[in-house]
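Shared chain: chain A. Partners: chain B in the first complex, chain C in the second.
And now, the complex of A and B:
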C-alpha cells in the first residue's frame, strides 16, 4: 500500500497538461463525494425527510385537506381522540390477531417446505418453484383468485360442502374475514421464509449428520440437535421480517373491501394501517390521520423491541 | 428397518405433494377458468369448448384498458429501475470509498430511512403531490422512488469489498475519481446491480398501495390497480376476472422464470423484497 502511494506521488496524473479545473475537482474526495451523494440527498430531503417532518408536525394539528390554511395546533388532542376511539382499539387488536396467527404459521410452514425440498427427492426443484410462486405474484392478484375460489358454487366451496360447510364466502363474513386475510398472508409469505431457511440449511455441514448417524442418532435427534441450532439465528430474521410485514398488510384488505369502507365487511378486517388510511386519505383528515400513523409506527417499534429482547434471551 | 425407511419416504412424498397441490391448484383453477365461457365456470368442459373471449375482451373493450395499463406499468417500473441504477450506486460508492465531510451523517440517514415503513409518510406525500398537481401523472409514480435506501446499503456493502488497489492503480493511470467510478467500479458491480434491478422490478411491478393512492383515473392505472377495479366492477363474472389475473401476473412470472437464479440468490442474501 505505502509503496503504491509513493509511486502515485512521483507519477503525476496528466503530465503534459496543467491541472485543469475539472481534474482538480474530480480528484478531491470531498467534492466528488458530495457530488455523488447529491442526487440521493435531494430526493431524500424532498420526498422523505420533508414529508416525515410534516407528518410529525401535523399530528399535533387540526388540519383538513379541504381547508389546509385553517390548520391550527391542538396539542395532543388528536392522540387523545384516537385513544378514545373504540374502532382504533379494534384495529390494533385485528393487527395483532393477524400477526399472531400468520407469523408462527408461515414460519413453521416455511421451515417445513425448506426441509422437504432440501432432501434428495425427485422433482424438488419443481416443488421449490411452486412454493415460491405466490410470493412473486401481486397480493391483489392472489386475493382476487381466493375471492373467486370462495364464492358460492365453486369447485372449492362444493368440496367444502361435503364436510358440512354451508356458506363459505369467508371474505364477506365478519367472523371469518380476518382469518381469510391471515391465510392470504401465510400463502404468500411462506415461500419467502422457505428460501431464507433453505439458504441456512445448505450451510449445515453434511458430515455432522453422518457422524450423528454413526452414533445412532434418530432422525428426530438430528433435527433437534443439529438442524434447529443451525437455523435458529435465521429464524429471528424470518420472524421479525414477517411480523413487520404483517403489521403493514394493506393490499389484501383493500381488495376484500371492494367499494365499501376499508376494513369491510363491517370493520371486521380493519387494521392500524386501514385506520390511518381511512381517516388521513379517504376522509382527508390529515392531522388525525398523521397522529394515527405515528401511533402505528410506535406500535411497530415496541413490538420489534420486545421481539428482539424475547428471542435474544432464549439464545 | 427397510420397510420403515420406505414408509418414511412415502410420507415425505405424500406431504410434499399435498402441499404442492395446495399451492398450485388456485393457479390452475385461475388459468382454467380464464379459458372457459361464463356459463361454463366451475364446470369441467372439454378443450373444444375453451375460448379466448375473456382475453379478447381486455383488448377490445375500452372499459378495461389493459394495453394502456400495461404501458403505464412498464413506464413506471422502467423509470424507477433506471433511476435506481444511477442514484443508488453513486451514493453507495461515495459512502464506501470516498472520504467526504459529513459521511457519517449520510450513512446514518441511509440506515434510519431503511427502518421506516413507507406508510409513515404516505399522507404528506399524497398531499404534496396534490398541491404540485402531480396526482395522476408519472411524476408521482416515479420521482420519489428513484432511490431506495435499502439498495444503497446493499451496494455499499459490495463496494467496501472492492480492493483499494484498484483506486491506487487508477490514480497512477491519471484517472479521476469520477472516471474511476464509471470506467472501473461500476462495471465491477454488475452482479449486485442486476440483483438490485430484479428486486426493484418485482417490488415496483406488484406495488398497489402507492399507485392506488396517487392515481384515480382509469387512464393512469397500473395493471394491479386496474385488475382490482375490474374485479370490483364485474365481481360476478369470474371468467373475465381470471383472465385479468393471468394478464397481470404473466409478465412477472415470465420475468421470474428468466431470472429465477439471481432473484432467489438476491433474496437469500438480502432477505428483502423490493
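And now, the complex of A and C:
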C-alpha cells in the first residue's frame, strides 16, 4: 500500500516485517510502551488471570473450602447440577430484570442530567456535584438511607400509593424488593453516566449547533441529529459498563438481607452473584460456586458482544 | 542479544520487586532468628461479634493479657453481626486471613466442626496449661469425643416482655403458654404496636419447635408433627395480625423492634440485657422461660472459643482463650448478662442478674439446636420458605413449608 500526498512526492510504505512477540517487545520503538504497561500486566495476571484460571479448574472439581486438598475431578457435574437448579434460573431472571429496568433508565437519566448541567445555568457546578455524590457514596450507606425512606408509612411509600403501590416496606415485600434494588442502582449509577456524557457533550463542536440553527433546526433536531450521533460511542460504553455492574450488583442486596438469608425476602432479590456467593462462599462449595461464576462470565460476555454488535450494525 | 538481555533483566527486576513487596516480613524474621522469636510476643488474633459492651471488655483484655502472658499480644476483630461473621469466615479461612481464635456460639458451630475447620483442643490443653474441670458446659462442645471449644457461657433462650406496656394493658399474670401469648398479643396490638415480634430466623423458630416437643434431629425430623404444630402457631399469630417481623416494619432484628417499643413480647436471650442498656436504658422488661407449647423446652446457647485448624500459634491461642475465660474477664461478662462457664462464678450470675432469675429452671431442661450438618443451607431454606408465606403471601401451610425444607435434607 502506498500513500501519495501530492504528485511530486510519494511516501514509501514502511517496510513491514513480521516480528516475533519477543522481538516486538525488544524493539526499541515498543520497549518503553511495554515497560510502562508491564507492572499493570503483572498485577492483572496476578489478580485476574490467575484466579480466573483457578476458578476455571475448580469448576470441574468437587471441592470444599474445608478440604481443599481433597478436590476431585467430576467433569461437567457442577454445570449439570446448576442447570437443573430452578434457583439458578430464578437468579438469572432477577439479574436480567434489574439490568433491563435499570440500565436504560439510568442511561437516559444520565444523558438528561448531563444535558441539564451542560447548559449555561446558574449553579450548574452545584447540580453536577449533587448528581455525582450518590455515585461516590458508599453503597451500603445509600441502601441504609433508602431502607429508611421506603419503610411502611413513610412519605415515599404513601406517595407511591397514589400510583397503586401498596403502603408496605418495599425491601421486605416480595413484590417490591427487586424494584427497590433497581431504584437503588439507578440512583447511584446515573451520576456516573452523567459525568461520562458530560465529557462527551463538551467535545461536540459548537459550530455544528450554530450552523444547524442557521438552517432552521429546532432544539429537538439538534439533539436528534447532532448530539445523539456524537455521544453514540459513549452510549455503548455507558450501557456496557452499566450492564456489567447491573449483573454484579451485590452490596445493596447484602444490606437488604442483613440478619437474614441472602436474597431476602424469600429469594426475591437473589441474583447470579448472590447465587454464586451463597453456594461458593457461604456453603463452602467452591467447585459449584466456580461453575456458577463461569456461567455468569459467559452470560455477560455474550450480552456485551450482542450489545456491541447491535450498536456497530446501526453505525 | 544485548537488547534482549536488558529487557529480560528489567522484567526480572520488576517481578522480583513486586513479589518482594507481597512477602510476609514477620514470618521471615521469626523463622530465621530464634533469639527474636523468644523475645517477641506472638500475636494472637481474636474474631467475635457482639455488643459495644463486649467490645469494651475485649479492649481491656488486650491491655491486660501481657501481665499474665507476656509471650502473647492480643489483637481483636469485631464483626458487625452474627450473619456477617458466618458469611465472612469461610472466605477468610480459604484466604488464610481468618483470626487464630474465634468466639462463636454452638448455634452455628456444628457445620464447621463437622467439616474439620476447627482444631480439636485435646492435644493443646496440656501444653497450654488449661484445666477443663474448672468449666461448666464442656460437653456441649464435645463432638465424637473430641473437645472443640473452651466454653465461655451457657444460657437458655428467654421470652421477654415490655413490662410497662404489659402493665398498662392491665393483662395480669405473665403468659406461660403460646395460647396465652397469642391471646395477649391480640389485646396488645394497636395501630403502632404489635403484640409480639417473631423474627423469621432459625434461633427463634427453633424455640417454638422445642416448646412443642419437636427438634430438627440433625435434619432427620424437620417435618415432624410437633414441628408442624409449632410453625402453625407462628403462622396463626401472623395471620391474626398480632405478630410482626422486624423486616416488615423496617427493622433489622427483634431487639430493635423491642427496644423501640414497637412490640411488647419477643423470644430472645441474655444479649438483650447488654443491647437494651445501650439502645433503651429506660425500658423495663421481664425475662421468662420460653412459653410452653406442649412441653417445657427451649434452646441452650453456649458461647465458646475455638482455635482454627489452619491458625498459627495454636497453643498461644488456647492460652489466650484461657485468659479470656479467667475470673477477672468473665466477671465483666457476667455484668452484661452472660452466665459464665467457670464453676467458681456460677453462683454469682443470678446475684448480679436478678432480672434473669425466672429463667433459672430452663437451665435444667434446655437443649442444643440440633441443626443439620449443612446448617447454613438449612437456615437459608427455612427462612426462605417462611418468608415466602409470611412476607410473600404464598399461603403455604406449616406442613407444606416444612416438607419443602425436609426435601433438601433427606
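The working rule: the second predicted complex is superposed on the first by the 247 of 315 C-alpha atoms of A that agree within 3 Å, B and C clash if a C-alpha of one lies under 4 Å from a C-alpha of the other, contacts with A are read in each partner's own complex, and residues count from 1 in each chain.
To be clear about the criterion, contacts are C-beta pairs under 8 Å (C-beta built on N, C-alpha and C of every residue); 3 or more make two chains touch, one makes a residue touch a chain.
Values in this document were obtained by computation on a predicted structure and should not be read as measured data.
J.: Could you say whether A:267 touches chain B, chain C, both of them, or neither, answering first, second, both or neither?
T.: Touch status of A:267: second partner only.
J.: Between chain B (first) and chain C (second), which does A:237 come into contact with in this model arrangement: first, second, both, or neither?
T.: First partner only, chain B.
J.: Go through the superposed model and pick first if A:116 touches only chain B, second if only chain C, both, or neither.
T.: A:116 sits against chain B, while chain C stays out of touch.
J.: Mind working out whether A:259 is in touch with chain B, chain C, both or neither, as first, second, both or neither?
T.: Both partners.
J.: Looking at A:174 after the superposition, I want to know if it touches chain B, chain C, both of them or none. Which is it: first, second, both, neither?
T.: After superposition on chain A, A:174 lies in contact with chain C alone.
J.: Just chain B (first), just chain C (second), both, or neither: which does A:47 touch?
T.: first
J.: Just chain B (first), just chain C (second), both, or neither: which does A:133 touch?
T.: First partner only.
J.: Does the superposition put A:218 against chain B (first), chain C (second), both, or neither?
T.: After superposition on chain A, A:218 lies in contact with neither partner.
J.: Under the stated touch criterion, name the partner, chain B or chain C, that contacts more residues in chain A.
T.: B
J.: Just chain B (first), just chain C (second), both, or neither: which does A:281 touch?
T.: A:281 contacts both chain B and chain C.
J.: Jot down the residues of chain A that show up as touching in both complexes, chain B in one and chain C in the other.
T.: 22, 26, 28, 31, 34-35, 39, 43, 46, 65, 68, 147-148, 151, 258-259, 281, 286
J.: So in the complex, the part of chain B that touches chain A is made up of which residues?
T.: These residues of chain B touch chain A: 8-9, 12-13, 15-16, 19-20, 23-24, 26-27, 29-30, 33, 42, 86-88, 90-91, 93-95, 98-103, 106, 109, 113, 116-117, 119-128, 130, 143-144, 146-147, 149, 152, 164-165, 168-169, 171-172, 174-179, 181, 202, 205-206, 208-209, 212-213, 224-225, 227-228, 231-232, 235, 238, 241-242, 244-245, 248-249, 252-253, 256, 260, 263-264, 267-269, 271-273.
J.: Touching residues of chain A toward chain B in the complex: what are they?
T.: Per the stated touch rule, the residues are 1, 4-5, 7-8, 11-15, 22-23, 26-37, 39-41, 43-44, 46-48, 50-52, 54-55, 58, 65, 68, 112-113, 116-117, 119, 121, 126-127, 129-142, 144-149, 151, 153-156, 158, 187, 192, 195-196, 198-199, 219, 237, 241, 244, 248, 250-251, 254-255, 258-259, 273, 276-277, 280-281, 286, 289-290, 293, 296-297, 300.
J.: If you look only at chain C, which of its residues touch chain A in the complex?
T.: 3-4, 7, 10-11, 14-15, 18, 81, 83-84, 86-87, 90-91, 93-94, 112, 115-117, 199-201, 245-250, 252-253, 374, 376-377, 379-380, 383-385, 387-388, 391-394
J.: Within their complex, state which residues of chain A touch chain C.
T.: Residue positions touching the partner: 22, 25-26, 28, 31, 34-35, 38-39, 42-43, 46, 64-68, 147-148, 151-152, 168-169, 171-175, 258-268, 278, 281-284, 286.
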